[in-house]
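First chain written, first letter: the chains are A, B and C, and each begins at residue 1.
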């Protein structure tokens, strides 16, 4: 069982508040894992810690067996981790194609090339990604003018452009209509299976969670209280009490 | 020995005056997210207005009061008429606007007061010497120290204990939240701007008998205030205080030893702090990976 | 927007037209060569500044530092170190690059607004140094005839400048339409996103400052050739602010914008500046007018600026009472 990501007693304190509490988390290659928990349970913070957007107070993170605790985020990304944010972060004044072109430029090592024209660089790859997420029709539109759902797709395309092996998604379907949310998840999971990616996603919509995850991890007040197949989680008494409540 | 005490006290008083200006800038920076590049101009305005009123009425204190009030009004006008309409634009534009305003003001001063050196003598009431360790020391410096410390105390009190101080602090930490709570943030911002301006005008007015000002030259106050803020940490009033004292002291003692280059001292301190602790002595490290 | 190939042709034509205009003016209107050369140098300066400012999105207040460094190094190398002419130029170029790199290291330790303040602070520091340090000619500067031997009179110097500036513009154009520039624009729009795509944004920013600083430095060298000396006024914050004003006025998101701004402001400086001592007032008015009415500059481009420009034009046409936009 090759674990692509593993954390050991990962902890993060904000003053007196312990947002992430000694989490031992592990994900195998190719898995689609969802991370659930009530608001404030520490899910987003956990993802931030893994990619070192926020420094862990203590504990370790291992990626593909390598200790990456404290390594600069851009280097972690280069090792093969990708992160999508809850609030879409992209480049609003640039066109959709340009948005995707930027990570492709970096991926192809063209970041510091100053003497060649940018137009048409990485064109194939950009086209390919746009088609894959379904926004190819908007290639020249300023990204800020896309609909919310399409912005999410753009976000995914940008993250995928860096060719990650592990994809960390933060509430990919939040703010999006139900049907669109399903389409989005369908897209992500298909892309993941196609490219052999591992996916860890935070989600609140239980239907999506149970439909699309191979495995579910539950965080409660910063502690990881359960990990297992969807059916097992459904029946876990502690999880029911803590989170699912009367929703099952 | 007494010469060191002398330098210490002058350093303290000039440091505290810098603090007034720097604190004003800090309030404006933390509340409006704008660096007021016109701050030096307003300081000069304080000096000039105080001078004119002092000459006209013979009362220094009236001059100081007039400087503070008129500068406050002017600051109010600037922020209401000029900053508010571009409130939504990126801070860069507001910054450049304050610079434009500063430029306008400075040439207006040149026009109104002519190209000369403005200074005045210490008002009679305060013009005596105190015996410190055998050396006669001008009381005016001590007066400055006392006034500045009083202002400090008042500021601390307002900020920590009054409702409006609490609102100010809330705006500094999270302006959008305050907006959501129904408080008119823009009005508060204007108020903060006025306070910032009044503080520096006060400093300028009080500085009249000591350094005065030169209408044709750009105000050196702006730079020193910025150096103070960088040393202490942008937006931290406590930092402004410490930074100002450090700058004041170093400049004062530095003048003793390196009389030629002492005006470079604030800049050198600034670079030093930046190399060692970029966020300033009291600043907080931003989570920038 | 990534330029399409036909745009390159358009810009090339614009460039050729500009060169032609300058040459024609110089030959048909006597005595203008000096002014024209000065405008050219400022165009180079402004476009260099815009690399950091408009494209890079940094609050680049201290560009006079680079211009000043270029001038002073060049003059010092010539006058005090007695280095042969061509070598001095090359050496200055190299030194400016290193200097820009050092400045970048210092300046990138802080973010955003603090960066602006720091730049301004450094600018004032350098100005003070120029005022006090004897080596730099306390308070005045250093006078030294520094034009190349084949370009001593104004007209041939203009042609010389034209050649150098044209080469620089070609280089800058390439850089500003390269993949590197796309990354720079990305930093301007959303730096964090870039970090999470694996880009070391600090390094990119450093490089950008080096590029910008070097071109400003070159303009400094040319400027000291023009005025036969390096003077303390080159280090004044006024120059930095003017640099920014030029970019703003002409359009900070475009390639030719800063050049237009440079031409206009230099023109105003020379003609109106000669009539009154209130030059700061003029600069202040320009800044205020531009900020209110032309945030996108003359060549205003890009969503926000187009909208503002359109709104302004709408206001000129009476169409009933409009609710004032706060």
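Assume contacts are C-beta pairs under 8 Å (C-beta built on N, C-alpha and C of every residue); 3 or more make two chains touch, one makes a residue touch a chain.
What you see is a predicted model; the values in this text were computed from it and never measured.
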item	value
Chain whose Cα mean lies nearest the overall Cα mean	C
Far-end chain from chain A, centres as C-alpha averages	B
Centroid distance [mean C-alpha coordinates] between chain C and chain A, Å	42
Interchain centroid distance [CA atoms averaged], chain A/chain B, Å	48
Chain B and chain C, separation of their C-alpha mean positions in angstrom	31
Interface hub residues of chain C, defined as touching at least two other chains	195
Multi-chain contact residues (two or more partners), chain B	289
Touching two or more other chains - residues of chain A	53, 72-74
Touching residues (chain side chain B, partner chain C) in the complex	29, 33, 35, 37, 82, 84-89, 91-93, 95-97, 99-104, 106-108, 110-111, 115, 218, 223, 226-227, 229-230, 234, 260-261, 263-264, 267-268, 270-271, 274-275, 278-279, 286, 288-289
Of chain C, residues touching chain A in the complex	1-5, 8, 174-175, 177-183, 185-186, 189-190, 192-201, 204, 207, 211, 302-303
Contact footprint of chain C on chain A as seen in their complex	51, 53, 72-75, 77-78, 82-83, 89-95, 97-98, 101-103, 105-107, 110-119, 121, 140, 142, 144, 158-159, 161-162
Interface residues, chain C side, partner chain B - complex	59, 106, 109-111, 113-114, 116-118, 120-122, 124-125, 128-129, 132, 195, 237, 241, 244-245, 248, 277-281, 283-288, 291-292, 295, 326
